[in-house]
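Okay, so chain A shows up in both of these, paired with chain B first and chain C after.
Moving on, here comes the complex of A and B:
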């Protein structure tokens, strides 16, 4: 999956990124850069990372999500991951990975509600 | 076109990681592992491949389908000639990660698999072998 395929979409006062199914490290790093640029340009309330199609999540991915959440927070935004698959949730937990202060929602719809209702 | 019952692939760089994950996905799915076990095995392989190119620079991933006492499983070995692990006992402690929290610790990987064996010698290299058996 090429990093160019990533798009950061602004919806109302939020940013939405759909993470590809099996992203390489380059794509994950590019995602962080794009998100922070978009934070500056649009000044949104927060960021939704849609990981519905993500099939596995390893330490690099987890660490980059946790870092991105922290960077977005320093710029004044919240980060929500949406749609983690059960198998990914089980594996992530058993491996001992944590996502820092990243919020989570069952799907993008609920992630939008979470951000909209957050003061 | 399935994955052969056994084989090996060279690990040099980050792009090999994607290939290794694809191969393990195809191999374990063809064997009949469920989605959760497939995800566990892929993630374990991903961490172990990452450890190879990060700490040793290069190495190989070997795979083999196992048939034993009417049960079927998969064995993956990750072999390098890198620096080795000085203190295996410390490396096996829960929560241990070497350097920046990247390349998850071996205890986490062990939890994802049914069996794990670690052979390592300082200055010679490391061989981590993991196995997962089909339930049922």
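Moving on, here comes the complex of A and C:
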């Protein structure tokens, strides 16, 4: 997966990032860089990480999400992950991985609601 | 005439209506003639040992040519008289040796070992527990000896038990949508790790399916709670959170509240209520609805 193919879209006052199905460590690192760049450029209210297609979540990915949430918070934004699959949620819990203070929503729609209603 | 054949003919005389021994008693081409005269090189002949045992299928075959060299009456009843034919053809209806043939387990470096396996025959559709071993055969060769016990009834009973166990698991963790965005999952009985796993799976799948923001996990019917059960609950709550939904534990009976506190389990990050009604109120708040007591409102206005 080429890092250039990542989409970080600004929608209204939010950033929407669609995470590819099976991201490698390089892609995940690139994703963080791209997100922080976009945070600086647009100063949005929050970030939505759409992980609907993601089939597995490893410790590196989990840690990067948690860290990105912290970084985005430092830059004044909220992070919401959207659409985690049930199987992924179960494995993540079984592995004892945590996503720090990242918020979660069932889908992108609800993630947008969550960000809109958050002050 | 060999001893074997004499015995067969004797049997035939006693019970003329029986089809027993029919094919095997008649003189036939070379391999079969050899078979009739053979048996393990030491001890009593196989036919004396196994012919009358109805519950156990016994046969002997050549590991090189797969020819059947001996079988008992129980074998003949299921697969017919097939002396000299290939075992894979007769027993499995195949054109070539079975891919699962157990010969490698009893010949070569495993020579002398008894190999035990379970298996469902494609022709009779019955389950057998098979014991295989290499035997010495006249002429100095080693042959494959198999003894198969019919365990179909046992297998069927096992199947029924497994189905019932699965059914109990399914019945005991229903996930019921009660409002748009709200599901209720009443826990009943005990929560072991197997049930906890199925609960988490069902619950998360249903939450994703129904796009529910709130799950009311009712523990009224939970028989007992200990650290392990509590850990299962916490894991489920964490997983549901990752999905983007929220769990409210309802039906916190005094006994459960006491045990949780005594065990030192921290549920401070989880909304808990003593009644399902209390949980429902939280749920409605979460999805932006309100319950109005119309009677009381009217009374106040009057």
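Just so we're on the same page, the second predicted complex is superposed on the first by the 119 of 119 C-alpha atoms of A that agree within 3 Å, B and C clash if a C-alpha of one lies under 4 Å from a C-alpha of the other, contacts with A are read in each partner's own complex, and residues count from 1 in each chain.
To be clear about the criterion, contacts are C-beta pairs under 8 Å (C-beta built on N, C-alpha and C of every residue); 3 or more make two chains touch, one makes a residue touch a chain.
Quick caveat, the model's predicted, so the values are computed rather than measured.
Chemist: Based on the superposed arrangement around chain A, label chain B with chain C as either clash or fit.
Modeler: Overlaying the two complexes on chain A (C-alpha atoms) leaves chain C and chain B fitting together cleanly.
Chemist: In the overlay, answer first, second, both or neither for which of chain B and chain C A:105 touches.
Modeler: Second partner only.
Chemist: To the nearest 10 degrees, what angle do the lines from the C-alpha centre of chain A to those of chain B and chain C enclose?
Modeler: With chain A as the vertex, the angle is 40 degrees.
Chemist: Is A:94 contacted by the first partner chain B, the second partner chain C, both or neither?
Modeler: So A:94 meets both chain B and chain C here.
Chemist: A:56 contacts which: chain B (first), chain C (second), both, neither?
Modeler: The answer is first: A:56 touches chain B but not chain C.
Chemist: Scan A:86 for contacts with chain B and chain C and give back first, second, both or neither.
Modeler: both
Chemist: Output check: A:30 vs chain B and chain C. Expected answer is one of first, second, both, neither. What do you get?
Modeler: In the superposition, A:30 touches no partner, neither chain B nor chain C.
Chemist: Quick check for you: in the superposed arrangement, does A:22 touch first (chain B), second (chain C), both or neither?
Modeler: After superposing on A, A:22 lies in contact with chain B but is clear of chain C.
Chemist: Quote the smallest CA-to-CA distance from chain B to chain C in the superposed model, rounded to whole Å.
Modeler: So the smallest C-alpha to C-alpha spacing between these two chains is 7 Å.
Chemist: If I apply the document's touch criterion, which positions on chain A are contacted by chain B in one structure and by chain C in the other?
Modeler: 85-88, 90, 94
Chemist: Quick check: in the complex, which residue numbers of chain A touch chain B?
Modeler: 22, 24-26, 55-60, 63, 85-88, 90-91, 94-97
Chemist: Enumerate the contact residues on chain A facing chain C in the complex.
Modeler: Its residues touching chain C are 80-90, 92-94, 99, 103-107, 110-111.
Chemist: Which chain C residues qualify as touching chain A in the complex?
Modeler: Residue list for chain C touching chain A: 200-201, 204-205, 207-208, 211-213, 235-236, 238-245.
Chemist: Quick one: in the complex, what on chain B touches chain A?
Modeler: Residue positions touching the partner: 14-15, 17-18, 21-22, 25, 35-36, 38-40, 42-44, 46-47, 50, 94-95, 97, 101-105, 107-109, 111-112.
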